[in-house]
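In the two assemblies presented below, subunit A is common to both, partnered first by subunit B and then by subunit C.
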Partner chain A sequence: MKNSADVVIIGGGISGCCIAYNLAKKGVKNVVVLDKSYICSGSTGACGAGVRMQWGTEMNCRIAKHSINFYEHANETLEYEGDVEFKQKGYLLIADTDKEIEQFKKNIEVQHKCGIPSRMVSLEEAKEIVPHLNTSILKGAAFCEKDGFLNPFLTTDAFYRAAKKLGATFYTFTEATGIKVENGKVKGVQTNKGFISTDIVVNAANGWSKEICAMAGIDIPVYSERHQILVTEPVEPMQDPMVMSFGLNLYVQQSPHGSFIMGRGDPNEPHDLRITSSWHFLEEMAKTIDKVLPAIGRLRVIRQWAGLYNMTPDRQPIYDKSAEAEGFYMAIGYSGHGFMFGPVTGTVISEMILGETPTIDVSVLNLARFKEGKLFLEPSVV
Partner chain B sequence: MENTIVCRCSDVTLKQVRDLIAQGYVTFDEIKRITRIGMGPCQGKTCGQIVQREIAMAIGQKMSDVEFQTNRPPVVGVRLELIAKEARRNEEQR
Partner chain C sequence: MRIEEHPILDFKRGKILNFTFNGEKLTGYEGESIAAALHAAGVKVLGESLNLHRPRGFYCAIGNCSSCLMVVNGVPNVKTCVTELKEGMVVQTQRGKGVLK
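Up next is the complex of A and B:
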């Protein structure tokens, strides 16, 4: 193993791989990525795969729009031999209360300011877009045809391979166990396989971000919680867009190979690092899908799994460098949407490290906002 | 080898598996994430041991030391509407 690096990135998910790719592309020679398991083994590999621009805060809208623009050309840009399987068939957001319709209208105003082609749709049109939707329980819907979903494993693999080709080094099954900070400056990373001296460390560990920050003596107001998903047997194509509801608490998409993937949150979920499966989730998910999209209820569930959301107080990420430990960077706290923000994460963090003018000004997503009370609460998260 | 199907759920061939192992994807989970092997209705009950054996041979480990994917519920496919029906019945009885 190398004993020194220009930059050490902790975490080999979409964020870590994307940051490594951007740094290597900008000419940083000695980039090392550590993962305590294999590439894409954490939250990215367990996520719901959706990418949407229909957010409620301007910052989230702009980050998502930029990321989706990237994903549209990801295969060519990353010179990937495979296909990241971007299915851009939209997100249909459904609402069963008037209050939520009002929220959609407010969100759409923000989205239009950012040039996002979202719109309110009638229940009749919603039924045309998704024929098996039970509109009798709904009040209305919003739709953005440029939203969609793509394969998280292959997308991460595309960034990983591109970064490797540009000279980045990946150490899998290599766990960061400590971060050496001297006189307020990062000096290196201790791993279970040896010490790597470096002046720059990037925390891209999402679910374990708090633990990694603590290694550098930094306390951050985030927590992780389990979110569960299930998948059905594959069937013929019958649903184009992702269907999502904040009030009814669900998202469901039909993946390109035919299976339905669906998830929902649980307000009583404890804050910890478990990713076990629960029967309770299976029951709640089954009841929800049976009510909202009964045709999908006839399919067999073949597997359920779980991953970690890394939650911040305002449900927006932290993109920042530490004021306490010079050389320590944070790309964490995605609150469930780190995969869809991946391309922007890679761009803005690499620019921050190299002192370049940012492509998108993400300075409001600094760590100090929580102490200063300058929060921009994202209203639209499942 | 090109026509030998290892995974009948997702049509993955022996050649695909061996090519990935040669490229450094040497755990079941990594090969699964690229090819969808083990993600179908059988959940790796057919392909699992074949892939474990291929990895074991390639990296010189005992097959029993090559990890399989995490076993997750349900053990067999169950219709969602039946789970929903039972869940509602349980609630009414409570």
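Up next is the complex of A and C:
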């Protein structure tokens, strides 16, 4: 194992792999990525895989648009031999309250400012887009045909391979156990397989971000919570877009394989690092899907799993460098949308490290916002 | 050959039932599974593999292997090995993953 590096990235998910790729592409020679398990073993590999531009704030719209533009050409840009399976069939956001419809309308105004082709659709049109939708319980819907979903494993693999080709080094099953900080400066990372001296460490550990920050003596106001997903048996293609509802609390997509992947949040979820599966989720998910998309309710469930959301007080990520430990960078706290922000994470964090002008100004996502009470409030999160 | 003993299902032979398999009129007994009735009628190919379309026959017979998924009364992906035969059932070979209506 190397005993020194220019940059050590902790976490081999979409964020870590994409940051490594961007740094290597910009000419940083000695980039090391650590993961305590295998590549894509954490939240990325457990995620719902959707990417949407239908956000309620201009910055998130811009981030998501940038990501989608990237994913549209990911195979070519990353010279990937496989296919990241980007299925750009839209996101149908459904609402069962007038209040939510009003929010959709406001969001769409913001989205149009950013050049995002979203629109309100009538219930009749929603039923044309998704014929098995139970519109009798709905008030309306919004649709953006350029949203979609892609395979998180293959996407991360594409970044991983591209970064490796450019000279980045990946150490899997290598756990960061400590971060050496001297006189307010990062000096290295202790792992279970040896010490790597470095001036720059990137915390891309998402679910374990608080623990990694603590190793550098930094306290951040985040917590992790389990979010569960289930997958059904496959059937022939019948649903193009991701169907999502904030109020009804669900998202569901039909993967290219034909199986339906669906999830929902649970407000009573304890704040911890468990990723076990529960009966409760299975029952609540089944009830929800049976109400909203009854046909899918008849399918058999093949399996369920869980991943960690790393939650911040305003449910927005932290893209920042530490004021306490020079050389310590954070790309964490995605609160459930780290996969779709992935390409932007790689771009902005590499720019931050190299002191370049940012492609997208994400300075409002600094760590100090929580202390200063300047929360960045996004109305449309699950 | 007719299945008379099964590790988990109880095959109590009742009256003769009529059903169709891909339009062909067949008979089975009340109390046996669809797959058992098909097997007794000499039907050995129940489905096909998804990618290479190779024949799939009666295999695990306990609802685990998905080898016997068929379209029954218009419903796809029915595990015929653990679904009881009923009078007038319309049983069809399933091509592909099944169309949910």
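Just a few scattered comments:
Assume the second predicted complex is superposed on the first by the 382 of 382 C-alpha atoms of A that agree within 3 Å, B and C clash if a C-alpha of one lies under 4 Å from a C-alpha of the other, contacts with A are read in each partner's own complex, and residues count from 1 in each chain.
Convention: contacts are C-beta pairs under 8 Å (C-beta built on N, C-alpha and C of every residue); 3 or more make two chains touch, one makes a residue touch a chain.
Predicted, not measured: the structure shown is a model, and the values here were computed from it.
Contacts of A:277 after superposition: subunit B is touched, whereas subunit C is not reached. In the superposition on chain A, A:258 makes contact with subunit C only, not with subunit B.
Once the two complexes are overlaid on the shared chain, A:376 sits clear of subunit B and of subunit C alike. Judged by the touch definition given at the top, the superposed model places A:301 against subunit B, while subunit C stays out of reach. In the superposition on chain A, A:238 makes contact with subunit C only, not with subunit B. In the superposed model, A:45 lies in contact with subunit B only, and not with subunit C.
Set against each other, subunit B and subunit C touch different numbers of residues in subunit A, with B touching more. In the superposition on the C-alpha atoms of chain A, the part of subunit A touched by subunit B in one complex and by subunit C in the other spans residues 233-234, 296, 298-300. On the side of subunit B, the complex with subunit A involves touching residues 10, 27, 29-30, 33-34, 36, 39-41, 43, 70, 72-74, 77-81, 83-88. Subunit C contributes residues 76-77, 96-101 to its touches with subunit A in the complex.
The residues of subunit A lying in touch with subunit B in their complex are 38-41, 45, 82, 153-154, 157, 231-234, 257, 277, 279, 282-287, 289-290, 294, 296-305. Residues of subunit A touching subunit C in their complex: 132, 233-236, 238, 258, 295-296, 298-300.
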